[in-house]
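What follows is a group of structures, each given as structure tokens.
Both of the next two complexes hold subunit A, though its partner changes from subunit B to subunit C.
Take a look at the complex of A and B:
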């Protein structure tokens, strides 16, 4: 299992990747949609964790770009922003829509569920 | 009884709500960083108990990260508090440099998310006027929102506060795609009421891409 984490909060995304690594989950991280596009050119990912609100290109737009290159890839949205409308739309588009701050055990459960769906 | 909502009140509530949503987002981001840092400390502490060596440099860096986030959140809350208190008096002495800095900070998440950079060239001298701070903040917010639709490809907006004979001026520059027609559309009822409440006027220079607020030194009829 290999994940790509995309969030413009560098200290958040880098530490989250480190914590996932301590749990034997390989996770690369970047802080912009542009860098995410570069990463998926060279690496295969099973799941992407995308911050919804990022400068210039947000998570929802990035998901469409990634899906063109990696059809069927699973997505989890992450946000600090939380209107009901955002939640409904985000939940319909991605496997899960999580609010910051997150509990890492919940996140891992959601990752496993999302990838389990892929196998089923 | 009229069902009509007061446009000025509605504009103020909309502004306050948007800023509150943006602030809560910022605080959540900061909490998320602190949460992961604390989580990492918990992880490595548990591993250390099982015999793993601790990386002291990494621990020091995490402490620095958490302190930085506490300062960041403190600044966000201070700004929120300043905005809240700007409704205390219908007219008060305002340092325009400080008010503009506050508005750039409060709108930063919104402007950065849309790919814009907003800055200000602050005057070296104090620019103090007597005005209704909340309405002025609201007006600046509305102009920034409008300005983001009419900037050039550089996507930068610079605010220039200067002293004027009759009071002060705040210019918004970088609006290369500004047209008279779009500016007319911008001047809705709520904007016109806000200008009246502030006893101020707007002027544009489409050739130079500038909108300017002309503010009096003292508002004559404070809104109650």
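Take a look at the complex of A and C:
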């Protein structure tokens, strides 16, 4: 199981990756869509965790790009801003839609669920 | 009745009645607008009315006046002819006598006595007759006095009769002390000499003629001589032979009539005529007031007509002006209300956006703190050095708990602003009420306000506008909080009514609303907290919001006991709205 975390807040995304790795979940992290594209070219990921609002290319746009290259990849959205519209489309597009700040145990549960769906 | 009163005493006129505030801020000065409208229309309607009435007034007055003058003139003219005829008759009789009798017969006292007797029979009022020769000597005389042989040659009348052939004297008393006049004619004899026939006539007959004239109560008819001395009795003026107060009018060959004002400001109509070949002037005096009596009636009628006309015109003008200005006023008020409502919702939307922005901005650093503190805890738990240090773990847990609390707040803010947009969706009433209390819970805690929420279990989720419901509750709860003193109670309950409605009751035991204000609380800009920052819009907006989602609101309140707002919401507001 390998995860890619994409968020423009480096402090957040780096710490989250470290905490996940402490829980034996391998997670790479990047802070922009551009870097994310580079990463998926070389590595296979089972799930991406995307921040909806990022400079230049946002999470939802990035998801489309990633899906082209890695069809069937699971997505969980993260957001600091929740508008009703975002929430509805976000939950339809992705497996989960989580509001910051997140509880790590919730996140792991959601990740497992998402990947479990794949297995099942 | 109230409507009528409103028509003549509308709100805009005496706008300041209820005090200051935006409600009384207008685009126009309505009382001035109303005044100018009333003035202009009243002027354009009343001026012609006044002009016509004035014209009518003058025309009728002139007509009556000239009618009075011409009637007087006619009476004078007729009377003049009568009097003239009276005198001419007697003069002609004398003429007849001198032509019918030769001089010798006339100076025969027997014959003269017969003539006198005949004259008396024919005319009456003849007291004597005499013959006077060219020398002025009274040759023959029949009458009560011994005037035979009297010489008149040096008297004025004698000279006049010689000169003009006839003489009619003024009225005088004479020896008999009875008013009478004298007529004398001269007769030329074939030999070039002449003699006079002279007779005295009582004026009784003449007086009778004048007294029997129909002149009205104040009317008067009399004869004066050219010196203004009364020749016949007057009904209202001086006695016979006294000079009258009215100046002697100028000689005129025709009958004249004019208005005359005496020194006491009474106005008379005065008609007069000089009676030809006599020293007499016939005068008829009428009191103008009496003559104008009929016109006075007309005048009163004109005035009544005018007053009624003015009252009707003014009532119409005021009614119309009030109606139109009131309509402008109402339209203006509506516009101001709308403007304020727009302003208010803009303000709310801005606050919503601001809150969302702030929440978003805070969420990111909050997420970092969350992760960092989480990592610290992870590290503590993995390393033996720290794993047993409960104080450190406690500190991290405290940070974590605070982050969770902050997260809850920002989520609430975001969720609130998220529902600003208009949309119908399934809503959970209890959840919405609790969400709103999320904002006010802290204040309630500080102020010891006991809040109970009882949403009956059978109230289902229903289609409504979440954002509007939030605003409605926020406004109502804010109001209740303002009314409550510390330690008060606030109850919110919701029950399902049979006819697919939810009844929500918001009840507080605060200060209550006075009865006189109760009607007005849903009016925009009505505020009892104007001086402490109330806009007076909260309840009016609440009212329109409730209407927009198809509901109704009612309020009961007792001062110092509390206030209860009862909101009834339909469960299928969307369908109702779409049907509309």
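We adopt the following convention: the second predicted complex is superposed on the first by the 120 of 120 C-alpha atoms of A that agree within 3 Å, B and C clash if a C-alpha of one lies under 4 Å from a C-alpha of the other, contacts with A are read in each partner's own complex, and residues count from 1 in each chain.
Everything that follows uses one rule, which is that a residue touches a chain if its C-beta (ideal position, glycine included) is under 8 Å from a C-beta of that chain, and two chains touch if they have at least 3 such contacts.
Because the structure is a prediction, the values reported are computed rather than measured.
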Once subunit A from each complex is brought into register, does subunit C clash with subunit B or fit beside it? clash
In the superposed arrangement, does A:113 touch subunit B (first), subunit C (second), both or neither? neither
Contacts of A:91 with subunit B and subunit C, given as first, second, both or neither: neither
Scan A:56 for contacts with subunit B and subunit C and give back first, second, both or neither. first
Touch test for A:104: subunit B only (first), subunit C only (second), both, or neither? both
Could you say whether A:43 touches subunit B, subunit C, both of them, or neither, answering first, second, both or neither? neither
If I apply the document's touch criterion, which positions on subunit A are contacted by subunit B in one structure and by subunit C in the other? 9, 11-12, 15-16, 18-19, 22, 53, 80-83, 99-102, 104
In their shared complex, at which residues does subunit A touch subunit B? 9, 11-12, 15-16, 18-19, 22, 53-56, 58, 79-83, 99-102, 104
Complex interface listing, subunit B residues touching subunit A: 21, 24-29, 31-37, 39-40, 43-44, 47, 62, 65, 69, 109, 112-113, 115
Touching residues of subunit C toward subunit A in the complex: what are they? 356, 359-361, 363-364, 366-372, 374-375, 378-379, 382, 403-404, 406-407, 411, 414-415, 418-419, 421, 423
So in the complex, which bits of subunit A are touching subunit C? 9, 11-12, 15-16, 18-19, 22-23, 53, 80-84, 87, 99-102, 104
